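Step one of this worksheet: look at the structure below.
Each chain gets a letter, A, B, C, D, E and F, in the order it is written, and its residues are counted from 1.
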Amino acid sequence: SARYSNEIYKTANMPGVAVGLAWTYVGGDILFIETLLGDGKGDMKLTGNLGNVMKESASTALTYLQANARKYSIDPELFSKKSVHIHVPEGAVPKDGPSAGITMLTSLASAFTGRKIKSYLAMTGEITLRGQVLPVGGIKEKVLAAKRAGLKEIIMCWQNEKDVQEIDSDFIKGVDFHYVKNMQQVLELALS
Amino acid sequence: SARYSNEIYKTANMPGVAVGLAWTYVGGDILFIETLLGDGKGDMKLTGNLGNVMKESASTALTYLQANARKYSIDPELFSKKSVHIHVPEGAVPKDGPSAGITMLTSLASAFTGRKIKSYLAMTGEITLRGQVLPVGGIKEKVLAAKRAGLKEIIMCWQNEKDVQEIDSDFIKGVDFHYVKNMQQVLELALS
Amino acid sequence: SARYSNEIYKTANMPGVAVGLAWTYVGGDILFIETLLGDGKGDMKLTGNLGNVMKESASTALTYLQANARKYSIDPELFSKKSVHIHVPEGAVPKDGPSAGITMLTSLASAFTGRKIKSYLAMTGEITLRGQVLPVGGIKEKVLAAKRAGLKEIIMCWQNEKDVQEIDSDFIKGVDFHYVKNMQQVLELALS
Amino acid sequence: SARYSNEIYKTANMPGVAVGLAWTYVGGDILFIETLLGDGKGDMKLTGNLGNVMKESASTALTYLQANARKYSIDPELFSKKSVHIHVPEGAVPKDGPSAGITMLTSLASAFTGRKIKSYLAMTGEITLRGQVLPVGGIKEKVLAAKRAGLKEIIMCWQNEKDVQEIDSDFIKGVDFHYVKNMQQVLELALS
Amino acid sequence: SARYSNEIYKTANMPGVAVGLAWTYVGGDILFIETLLGDGKGDMKLTGNLGNVMKESASTALTYLQANARKYSIDPELFSKKSVHIHVPEGAVPKDGPSAGITMLTSLASAFTGRKIKSYLAMTGEITLRGQVLPVGGIKEKVLAAKRAGLKEIIMCWQNEKDVQEIDSDFIKGVDFHYVKNMQQVLELALS
Amino acid sequence: SARYSNEIYKTANMPGVAVGLAWTYVGGDILFIETLLGDGKGDMKLTGNLGNVMKESASTALTYLQANARKYSIDPELFSKKSVHIHVPEGAVPKDGPSAGITMLTSLASAFTGRKIKSYLAMTGEITLRGQVLPVGGIKEKVLAAKRAGLKEIIMCWQNEKDVQEIDSDFIKGVDFHYVKNMQQVLELALS
């Protein structure tokens, strides 16, 4: 219910926590990506029962962010002076695939800038090393899960717009969609 | 019997030893999480026949504690000057899953603060990197095992309260339940 | 369509991004190789769901480029002062085999020299440590995929010329072929 | 025969060699745990065809001993200035399980203190990080094997006493049993 | 054809490239071993889809060469100041077995001395750490492949001479055989 | 034949090369253990298609030799200033088991002392960390293989004497047997 969801997003109201959309064998679901920075030497720790492709998304996101640090007003030295821990809760559920890429990058960017992520915002999309956003599968199931959880905005690749148009519009009333081509657009929408 | 249990908790009366609840193929059981700190460089050793998800819980707990060190009055330098060994006895039994998360964090917090954990207290719940407590499965079996072992208080996620209400109240007379939302509540209850 | 393809190559218009040709179970396809350099100590990170043989191609390409740095006007010290991340998008698709060798070397050379790669150019071919280009399989499928994607020039090994000659010339009108023996020829054609 | 056994224990008469009891698919057996310290940096090497649980026992024993070094009059600096090699002879036989825990700790304590272990003494029991001794299985088979080998004293967990009482007393005449709760009791009995 | 082969050996005319003989499921074949030295710390990289036994051959060859550096007029300090990359082209073909040992050692010796390897020369044989050459299998298939490729001299172990004598002499007209006992003989024949 | 064997042992006439006895699926066989020391930091490399138990034998042998360096007149600093490479020729044959232990220790002791090993001498036996020699299997097959290869002396554990006595004495005429209890006896017999 909306009450439960509100509860979640209030507690999530700290930098480094982003909401993604997953497509599992039981249908669509929302998932949180949590990033914490600590003192370190640029090492990255990944937890939450993640498969190799999902781990590679995190690695790709970190390299992209480091290469574009100045564009996002991040001190480049942080990447060698901090350790990065990314966790995806619900350890009992195996997670994999590239579709959490933009959520991971947003979580990282939020943690490195200290800027919170907009409330009631979810996203799904693969990332490339040069910062493009690629389309992903399971859009219908993901969007309906976001709606059920009380989320109000969703970011995805412009090439997924056609998948949203196939959903009955009654089911997604009140949800705003943002179709993007690159990570810069994602971060402008997501970081407050 | 109660006599046997008393015996156990007396010997366990040192910082770093927490009591968790597990759900195995033979039913519910209690398990101990033992943490010892030594001189080191922030490395963590995990023993006790633990699966990957359970190891990730320990890693997540350590990152959370380090990021919130000052809140819990822990000298942040300890995390780079100590080695951490977490052991879960009964090496013949494979153990896995995220539900020992809050027990591991409590064991770590006890070892890092030097404060003992309340006697006759057990707990079960998944942890997130931002310190939330998530619900877990097997509540009925775990609670009955805690009762059999003579434990008197149990901490779990507020979303598991409904699972406790389904247990016949005669079976859990004398056991106090604490329903929590985050790790700060757990540590306030657990550390004396 | 051509419109979609143009879009892709415009956004790809930065050093380090090369277009390769792959032969998958669904036929020919184009793939991008993206290289980003960061501060580091000569370490290489490879992502994109790559098999061992494809990873070895990247390693071989890097060693060749380092050994021939002066020939390509690259400061040899970069190889110990930079980290290299090579990513191949579309993480959901496993990729393997040696045929991306010349694409990887071109991507690396572009990143290390800062020179962009010619637009609408694709390539396929195995590389050796001494800089030869070796023939690969699946030429017909790869060439047709390049044509469909709007690419205009293709580089491959001179020993693959016979495979191109077997394709109906109507299907490849407007595509120029470059048959090469070694990497020096590839880089002269590819780097602007 | 006794003659053969005497021979064994005479040659074993050096610090670091402890006698354990194992329960294999052919019945009970004795096994030796050998520890040698060398110059090093606190690293531990484990050989003798050991499974992961048995390796974890050794790791747990080492952490316990380091944390309790002063109690046993061991210079704490040895743990960072020595390398530890633990070997369990008969490499053709795979060995696993937690029951060699107290034997490993005794072997380590003997090597670190330079004190020899009492002759004709065997032991079996799991260890915890806080130094408790836990009960193990296969007591009858292990005890009979110890008797056959000419051993005269056996240390085990007080919770295994009931298993010894089930053995026909004629079979174990001349063997003394020591039932213990913690490692301090084990080391007081074992180290001369 | 001979024309094609000549082409290959001309381009191979640089230090570090040696021609070996392999015996695959499709019969005999020639293979190239390529070695490049770079700035480093004595580390060795092996690529080309090699199995463990073949990798061990390379390791054995490098240790032998280092131990006998002065005999072959190699500055011993090179072994700690250079990195070694050995590549065996045709990454799509898995390769294994010890028979490339002498080819690997010759390739390494050529790279470390800067002396080219004789043209139109192939070789096959296992190496030992003390520099002996051991016999290998598949001699008939390997020799015929060398002949087809236009090679003119072949080095192998003296214990393989009997295998050559069983080949119809019409098939190997114009090929010279060198039967050797140790690596010193191989390198005297191979390095110009 | 004897002629062939003589040839082998003459070329083997350098420190670090020891002759062992193996028991394979085709019967008994001899095997060589070759040790070369190089400049290094105490690291050990093992090649020759060895299984884990055989690798552990080498590790155990090295620790024993280091701990007993002075007894065998070896400068203890060599163990941290040298790298050790142990190779067992015939890479096509997988090798495993603990029975090469004393051969490995003899090979190591020969390499570290610079003293050659007696000619025409073979050995088989497991080693313990405290220097005992343990009995091994396949004695009949191993002894007959040694005889066929022209070897004249064999060292083994005193507990294997009964296995030699079961062999028809006509088959082993001219072979001397040495039955030992510990490594000191082995090295006194083997090192000239």
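We take it that a contact is a pair of C-beta atoms (placed from the backbone, for glycine too) under 8 Å apart; a residue touches a chain by one contact, two chains touch by 3 or more.
As the structure is a computational prediction, the values presented were derived from the model and not from experiment.
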Exercise for the section: Name, by label, each chain that touches both members of the pair chain A and chain D. Expected result: B
Completion exercise
In terms of mean CA position, the chain most removed from chain D is C
Practice task
Specify the angle of rotation obtained when superposing chain C on chain D by their C-alpha atoms, rounded to a multiple of 5 degrees.
Solution key: 180
Exercise for the section: Using mean C-alpha positions as chain centres, tell me how far chain B is from chain E in Å, no decimals. Expected result: 60
Problem - Centroid distance [mean C-alpha coordinates] between chain F and chain B, Å - result: 52
Practice task
Please report how many Å separate the Cα centroid of chain E from that of chain F, as a whole number.
Solution key: 30
Completion exercise
Residues in chain F with touches to at least two other chains are numbered none
Practice task
Counting only chain pairs that touch, give me the topology of the graph as line, ring, star, complete or other.
Solution key: ring
Practice task
State the ordered list of ring chains, commencing at chain E and continuing via chain F.
Solution key: E, F, D, B, A, C
Exercise for the section: Would you tell me which residues of chain F are touching chain D in their complex? Expected result: 52-53, 56-57, 59-60, 63-64, 66-67, 76, 79-80, 97-98, 101, 126, 128-130, 132, 134, 137, 181-182
Fill in the blank from the handout: Per the touch rule, the chain A residues reaching chain B in their complex are 11-12, 14, 16-17, 32, 34-39, 45, 47-49, 85, 87, 89-92
